[in-house]
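Quick one: the structure is below, questions incoming.
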Amino acid sequence: MTAMLEVRGVTKSFGGVVAVDHCTFSVAAGSLTGLIGPNGSGKTTLFNVITGYLPSDSGEIRLDGRLIRKPDPTWLYRQGVARTFQNARIFPELTLRENLALAIPAGWRMLLNIAISRADRERIDEALEIFGLSPLADHRAGELSYGQSRLLEFATTLMGRPRLVLLDEPTAGVNPIMIEILENHIRRLHETGVTVLLVEHRLEILMRLCETVIVLDQGALIAEGPPERVRRDPKVLDAYLGA
Amino acid sequence: MRSHRFAWAIIGILAVAGSACSSSSTSTTGSKSPVVVGISLSLTGDFSDSGKTEQQGYQLWQSVQNAKGGMLGRQIQLKIVDDASSPDTAVSNYQNLITRDKVDLVFGPFSTLLTAPSALVAARYGYAFPDPADGAPKTLNEHLQNFFLMQPAGPLDTGLTWTRYILSLPADQRPKSVAYISLDDPFLVPAVALDRTAFTAAGIKNVYDNIYPTENVQMTPLVAAIAAAQPDMVVAGTMEADSFDMVKAMVTEKFNPKYLFFMNGASDSANFPTNVGKQNIEGIFSALGWYPEEKTPGNAEFVAEYIKKYGGDASQISADTAEAYTIGQVITEVVEKVGAIDNAKIIQQLHSSYWPSIQGSLAWDADGKPVGTLLLVEWIGGKLEVVYPATDATHAPVVPKPNWP
Amino acid sequence: MSRATKAGAIRAILVFALLLALPFVFTDHWIVNIAFFGLMFAVLAVAWNLIGGYAGYIWLGSIAFFGLGAYALAITFQHVPLTSGYLPFFALIPIGIAIGIVSIPLALLLLRVRAATFAVVSLAVLFVAEIFAFNLDGLTGGPQGLGMALPPFVVTTFERPFYLAMLVLLAAVMFCSWYLAKSKFGLMLFAIKGDEDRARGLGVRTTTVKVIAFALCCGFTGMAGGLWAYYITWIYPQFAMDPNTMFAIILMTYLGGKGTLWGPVLGAFLLAPAKEYFAYTLGGSAFYLIAYAALFLLVMFFLPRGVVPTVADFLARHRRRAAVLASGPRPAGEQVA
Amino acid sequence: MHLLIYGCILGILLGGVYGLMASGLALVWGIMRVLNIAQAVCVILGSYLAFTAFTVLHVDPMLAVLPISVVMFVFGVGIYYAFLRPIRRDRESLSILVTYAIAIGIEGALGLIYTTSLQHTGTSYATQSFEVGGFQIPTVELYAFLISVAILGLLALMLQRTRLGRALRAATQNPTAARLLGVDIDRVSAVGFGIGISTAAAAGAVYGMIYSFNPNSHYDLIGILLAIVVLGGFGSMRGAIVAALILGVIASVVFIYWPLWANLSFFGVVVVVLLFRPQGLWGVPNWATQ
């Protein structure tokens, strides 16, 4: 199995606080990997560095073995790397349809096409159908419940037909029924062959979903492996209980 | 039906505009109806202080002249509108005055910046445009037939009074070196340039030459730079407050040139001493076109009426007020001579001869530039005295300037 | 053509037909003059709306490009005798394009920052432009101003050509604004306003999109500036690049409804004539600035979204209620849990 | 060379006063992400208050600084509750427009009361100077500098040592965390805004002794203050003070040789900063994501 994403020695600090400390791991192609750690352990910062939202202080990031010198979110999306955010970021002023249309990659010439072309419309309707959002298609996204915004954000992320999806705590602040729906979508996504890296701070969800789990604590990688093994790792127990 | 609502809104706006239009076009022209004079003044905004002093001049003329029976036996009515110191509004105002209110005459606004575009509008409709202040060279270069600057001398002559005086001195008494410093202003820069040309030709050495911006000026370093050049004479193209600041900076820097000339500001008998301190005014030169004690036609009456109407004393009368009053005075004379309100004839008359006024006899060249000269004044014994030309002098000039106290 | 588009087209044709008829119906100079300034502010507000309303960037330097356009036309025609009074109108087209192109490098520099930083830096652009206009007096005449060749139009209909040219410019910028709002490009601008970082994460080339909107805004603003210069015939730095005009444009856009198609136009038609009219009739009221500030605050607090969206929402609610009443009680099945 | 050094000295003296004005702007930005365009008009307001105190009550502007600060603090708190607290959405952008409206409102009121003529607080020592090493140091500019430094020192002491100061600093560094720690952000913002306005007015009281001013002087001043805040990095008071000194010196030196271009030096520096360090000297990038 080749590594789709490799992170080597990535460090990021804010002022004096080291948020990510020489972090090294890799995500195998086609895998569903979990990234776990207590609050403030640098998971989101690491995501931001990988997806180009923050410049790293040192270290390198490789995609398909290719070194990415200066990660840029736009470029990465077009390379098939998509992500979600901790607090579902959607465009509340736009309709659901427009939210999805926006995420369909557009070439230069398509800039002047009307916002939602006929071909796009089919894909959008399909996505809305899958996520059960069809009845709200022409409502403004701001009218959605939080769980629905999560679904919409997830759906949006998939419009670019990504190969690697980074999900930042997709189940945070969502009711149990919605958690189940989201878990099913993640599983289905994985089954279509997409590589998934999932940030979570709740172990049980990762246990149910992931093949491999990576554990961060205070910015540093402390364990890596199948969920069952990681769960018994003393360092992990320390990080979770010792604090 | 959103679309129709919107359309109705537009129709509504047009309807309002239309009704306003129709209501205004009912002006009567009976023989005893008043003579309406339209003026746009900067009553708010950047130029509002000068705008208001001009307004006083216009209103004073109106009440004085109406008491005498008005113009051609008709009462004078002023229609003064505000342009908020904006040229767009000034242009609109003159358009409104001429084409909507169909005023009989228009008088000029304050500030060159509004004069040029406004004069063009008046020219388009054939109205005479007597202007109280600030005919910048570029306005004159437009060669407008209808434009008249109601001052004794062209704006660039402010400095020429000073050059005539200095060059009238015997060569060995003249200053040897000169520093030029000027505000970045439409007519001060070219006025200083005229002085420079004259002094350079006379062999006076130019040791410093600079221009400073209109805002946020820290005078101390500027004066330090001038002092470092050690000139005998400083020619300062100042406007008003900047001359006060410059004097104060000179005192602070202990820099005392032998000859110190300010184009404006120092001639302001009300504000100059209070702002720079009475002890610091001695020996400073400036130029002016009008002063309260001047023996010119109607001047005594003007000063008396001013004090009666607005209070205070003669030294507080602004030159702006006198200039505005002059316009009324001259135009009244011209209209009485023509015998009708006919702008074409008024323009022709103004061009054809000298007209008496509180600022002396006025006449203009083809571009509306006055052909007279200004008076050179100096602070002597705490009083502003006319020192040149000798025919008008009230006191002999005192040079070199005494040191700061 | 969908119903909505059709209604929009009818509305646009109606409004422009009325505006086209105006100078022929009301021939008084002063009406056409005020209408000209109304149109000018409409062009400026619609152009500003492209970057300020659609993309949500508080761009405080656009009036610098108004001045740039004014100087460009005035310098071009300063010494050229006008064989035809219409020549400068046509010269506006290359000037507008050139200004749009010139603005691109500046956009690349400015758009590195966002939100309040962008606002501050864009205000700095305005101040810098003004300083250059004042100080490069060989080119701009400095504080003495710059006059341009007098328009050789007959006095009776003097304002009409300017009015019609400004109307054409308004039609052009409105078409541009409408087309962009309908296009993928507009969608991207709205997304940038909503959440620029998220948009980047969805493959939107935010920089390119912003720069294009910026260049369009500057180009149209410059053309309006050129036309203004030709009309007023005399330009000074402090009036060609006046911060107060800048904020007036923003106020108009907010009043009408920022980010909407007709909002800026409505705001301009309400405020621009009102300003001239009140200055003329109330003349001399020192409360002018205070009243202006109060109006500004009222709009910000009580009509933050502007007239057009507020009225549209009200009508939509009204219509929905009417529909509900007409069809009797209905299960609330529209909303999905 | 002599002139150059003299320019630097005057620049530092003036930079101190600008530093006082700009530090309030930076503080307000730090706490509540409000860019107060009315900061400059509050400087002018302070100048007018000192002018009135001087001409009517014959109180020296140096002494008037304290009561003016207190009055303007209350004024600032009032402005906060009336106009800034109600802004909920889009605070960063809307606050610019709202504070602009406040600025022109105050400008209009000043115009009504004082007219638009230029004024100047002409104290007896306005034209005094003393010589140090061949340089004529204007007494009034030195006093203005010393007063500004004293107020900044007091402000720093307050921020370091008092409970209120800690709350203000916490709010500046991380508003969300500060709220979690039990800081009443609303009250802290009001106090912070009050302090911002009162520093502006205090600086204005001494500014009026150096410069002539009228109600619309604030347009030029706000450009300078914003340039300082951009250079210093938004929200960093230390950055604002250092930037004020740097820009004061640059502008003063440029002014001696090329007076017309002095103001450009302020904005030129902003453009250079933007090219190489968009977050300013001491700031952190303001686009950092959650």
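Residue numbering begins at 1 within each chain, and the chains themselves are lettered A, B, C and D in the order written.
The rule is short, and it goes like this: contacts are C-beta pairs under 8 Å (C-beta built on N, C-alpha and C of every residue); 3 or more make two chains touch, one makes a residue touch a chain.
This is a predicted model, so every value here is computed, not measured.
Visitor: Please find the path from chain A to chain B through touching chains that uses the fewest steps, and give that number.
Guide: So the least number of steps between the two chains is 2.
Visitor: Among all other chains, pick the one whose mean CA position is farthest from the mean CA position of chain C.
Guide: A
Visitor: Could you quickly compare B-D and C-D and let me know which has more C-beta contacts?
Guide: C-D
Visitor: Counting only Cα atoms for the centres, state how far chain B is from chain C in Å.
Guide: The answer is 37 Å.
Visitor: Using mean C-alpha positions as chain centres, tell me how far chain C is from chain D in Å, no decimals.
Guide: It comes to 33 Å between the two C-alpha centres.
Visitor: Using mean C-alpha positions as chain centres, tell me how far chain A is from chain C in Å, no decimals.
Guide: 41
Visitor: Could you tell me which residues belong to chain A and also touch two or more other chains?
Guide: 53, 85
Visitor: On chain D, where are the residues touching two or more other chains?
Guide: In chain D, residues 111, 260, 263, 289 touch at least two other chains, as defined above.
Visitor: For chain C, which residues are shared contacts with two or more other chains?
Guide: Answer for chain C, listing residues that touch two or more other chains: 134-135, 197, 286, 288-289.
Visitor: Show which residues of chain D lie in contact with chain C when the two form their complex.
Guide: Residues in contact with chain C: 29, 33, 35, 83, 86-87, 89, 92-98, 100-102, 104-105, 107-109, 111-112, 219, 223, 226-227, 229-230, 234, 260-261, 263-264, 267-268, 270-271, 274-275, 278, 286-287, 289.
Visitor: Using the touch rule from the top, collect the residues of chain C that touch chain B in their complex.
Guide: 7-8, 10-11, 14-15, 18-19, 22, 25-26, 28-31, 33-35, 37, 134-135, 141-145, 147, 150, 155, 158, 232-234, 236, 238-239, 242, 262, 266, 269-270, 273, 275-276, 279-286, 288-289, 311-312, 315
Visitor: Please give the residue numbers of chain B that touch chain D in the complex, ascending.
Guide: Chain B reaches chain D through residues 44-46, 48-49, 52, 184, 210-213, 215-218, 220-222, 224-225, 228, 240-242, 244-245, 248, 251-254, 275, 277, 280.
Visitor: Which chain C residues qualify as touching chain D in the complex?
Guide: Its residues touching chain D are 56, 58, 60, 109-110, 112-117, 119-121, 123-124, 127-128, 131-132, 134-135, 197, 243-244, 247, 250-251, 254, 286-290, 292-294, 296-297, 300-301, 304.
Visitor: Applying the document's contact rule, which stretches of chain B touch chain C when the two form their complex?
Guide: 2-3, 5-7, 9-11, 13-14, 17-18, 21, 25, 41, 43-44, 48, 80-84, 86-89, 91-93, 95-96, 98-100, 113, 116-117, 120, 124-125, 136-138, 141-142, 184-187, 189-190, 213-214
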